[in-house]
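Look for chain A in each of the two complexes below; its partner is chain B in the first and chain C in the second.
So, the complex of A and B:
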């Protein structure tokens, strides 16, 4: 129950700052527009009807979904944690009878909840272009939940570098760029040569590229299984990393300002 | 003011070496970001050798020029603007307001971000090679440098206006990121966009002019666009100073 309070507070903070909420939707629309117009130009000047099995309409839906996913898979946790370490306010949280990782997860879900609703709406609209059965839709949702946890663990592990770094803002454009490239925000990874196809199983690709293709019904059962195994494996790696980084980081933490 | 700026630069330099880990990561991430943008462009041009008359060299020129402007802006202003947001919100501007200096320029030039200098030098070097390859004349190179300076001023003004809005708006953090998104959207050939968007971002808020005009120097010289960019910069600078003056009237000290 105590963690539900964290979820509720985070959810309210997203919708309470309506200006932020609307501006984020505006900036994502801007990113979608840039990618869609760029790809329309590529389709037009390449003279091809489809690229890597994706036609122009599917590419548009793909780009809308993958950019919405970038809102759901937020990295704000890294900067929030950095602020807590820098100000020394982490000490207050350490004294509370809560598991910080669980609390952070509920907060993470709360922050992205409004975007999850929008994502669900877009899925319903885009489902007209795919021919997924009810079982496949359920499997897509189950994979979404697993990948969501994997990505949260990745962000949690990344946030722990705040114990050693004073400024983490230089990471922001790089994370955005990684999501753009590896997450398939600029283009589906399927357009890359076969040599680079392993990139489809990196955490950013699972959260962006694979989930967007899953939503369009463009992933086979074998690939679904691979995505599932990759996600579980990454989760284990990040859990070990979090444990180790926390153990070392908490010793480096000075609690200045608390 | 020059002596004061020299002192502020010295402080920034010392901070850079005090936080060596952050410095190294800033450099690495800056270069990585540039590499990713180029890689994305190479994917586009692997399917179409020519997009609206632009080849991959033009695209490389576009993203490199845009990055030169961004890194120059980051080197000169980004740390000052980051600090300013928190100083306004925390009500700690008093220390500068009581000093016998121009507070606007003091806060604009408060810090220099030395780590951004490395990716800046790298992108300037690459741009130098591109310019040699596309054979721009001496006068075209001078015009290119002028546009880069005007473009940097344009990016600074957009960000300064967004940051100064903190005097009135608390918690609208997404606003600070808006100029970055606008500039990112502008690192594409203007012609891929519909006419309405082209007019909006070529003439009204000329972010596409900033990035596209240096590339088009290879084919033609548009003095009209450069003059218009200078006029817009002047207007934005005046608006930013006006906003600062009005903002100070809203300021609440925490002392």
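So, the complex of A and C:
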């Protein structure tokens, strides 16, 4: 229950600033608009009915979903944690009898909850084009949950560099570029040559590209299994990394300021 | 729990950390980019003390003396380099075990645990869940605390809209909502008006008496110490230089009566044992100098009086500064 309150507070905080919330949605809508028009042009001038097995309507849904996913799979945790270390406010959290990683996870879910609702709505609408069975929908949701945890663990591990790197803002464009390229935010990774197809199993690709394709029913059972195994493997790697970075970082933490 | 039971025991603890010095100017910045000059700071050196259950202990010292570092060592934020801190007979604070964290409360005057965008009640409900306080008990406590500190009407207002004083009061409520056995207060009255200060003093004395809550506080406001502390530990340059009651501190330095001097013009340069109180108004400890540190021709008036804790500390700290 104590963690559910953290989730609730994070959710309330997200919607506390209505203007910012709406502005974020408008920004993403513009990004989606640009990507959709660009791909419509590609379809029209190439004269092809589908590209990498995706038709124009599915591509539109793909771009909407993948850009929404970029809101859900937020990297803000890195910068929030950095601020806590820089200001010394991490001290307050360290002195509470809670498991910080678990609390951070519930906060993470709370912060992205409004976008999860929108995502759910888009999924229902797009399901008409995917013709997924009930079992497939359940598997998609289960994979979504596993990948969500994997991505949270990745972001948590990255945030821990704040113990040593006082300014983490230079990481922001790098992370955005990674999501844009590997996450498939600009184009589905399936259009890449076979040599680069392994990129589909990197954490950013799992969170963006694969989940968007899953929602459209474009992932086979074998691929689902591979996605599942990749996600579990990455999670284990990140968990070990978090444990080690935390152990070393907490000794480096000075709790600056009085 | 008996009054003599030890809550905290520090045995010959030391703590040092590395910092670096930065050169100014373009060349200095370029030099720092390539080669950073590191320096070890010995923040705490060979300090021992024990604090019993129900005591109110004030930690005093000049800026940078090591008071806050000592609190961080006692709460477990920082690990000791040498020596040992033993809490509740067997707990090492740095392990941050749930058993220890549930028994302590911490308030740092300059760090907030309130959620900035939400009303204080939301943070307090979260703390209720974290410390597993039964709902009726929580409501009773909250009503009592908010009434005592006169912030009942601000419970539902977003934290960002509250005044500094109101925020500090809610920070205090957050620190004690679970009735900790040890309460650490770092600058608890920062930004608080005089009437609210006395409110807080009365409130803390009451819960200390009723709950036998140990209170360890640091403050630059000696009023806090005079009003609350039964015992004072003075730290300077990372070393303990006094440990006793405030009365013992005053009587130990009572022989140092204060001489207040008004002069016809400002004194420049200011002698090391002279403290400026205002325009052409100075004071010094009577036994600091066999002679007046000011030429007689400039003196308009002289007044002798006994020093209070504030002045004793000013004298003590400026002496230590002089020894640097």
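Observations, loosely collected:
By definition in this document, the second predicted complex is superposed on the first by the 257 of 258 C-alpha atoms of A that agree within 3 Å, B and C clash if a C-alpha of one lies under 4 Å from a C-alpha of the other, contacts with A are read in each partner's own complex, and residues count from 1 in each chain.
Quick note on the criterion: contacts are C-beta pairs under 8 Å (C-beta built on N, C-alpha and C of every residue); 3 or more make two chains touch, one makes a residue touch a chain.
As the structure is a computational prediction, the values presented were derived from the model and not from experiment.
Counting the residues of chain A touched by each of chain B and chain C gives the higher count for B. By the touch criterion defined above, A:121 lies against neither chain B nor chain C after alignment on the C-alpha atoms of chain A.
Using the contact criterion defined above for the overlaid structures, shared-chain residue A:17 touches chain B and also reaches chain C.
In the overlay built on the shared chain, the residue A:196 is in contact with neither chain B nor chain C.
Touch criterion met: A:95 reaches chain C, while chain B stays clear of it. Once the two complexes are laid over each other on the shared chain, residue contacts for A:34 go to chain B alone; chain C is not touched. In the superposition on chain A, A:9 contacts chain C only, with no contact to chain B. Overlap of the chain B and chain C contact sets on chain A: residues 17.
Against chain C, the residues of chain A that register as touching in their complex are 1-2, 4-6, 9, 12-13, 16-17, 87-89, 91-92, 94-98, 251, 253-255, 257-258.
Residue ranges on chain C touching chain A, taken from their complex, read 17, 68, 72, 75-79, 96, 98, 101-102, 104, 106, 108-113, 115, 117-118, 122-123, 125-126, 129-132, 158, 186-187. Interface of chain A with chain B (complex): residues 17, 19-20, 23-24, 26-27, 30-31, 33-34, 37-38, 40-42, 44-46, 48, 51, 164-167, 169-171, 173-174, 177-178, 180-181, 186-187, 191-192. Of all residues in chain B, only 19, 21-22, 25-26, 29-30, 32-33, 36-37, 39-40, 43-44, 47-48, 50-52, 82, 115, 169, 171-175, 177-178, 180-182, 184-185, 188-189, 191-194, 197 touch chain A in the complex they form.
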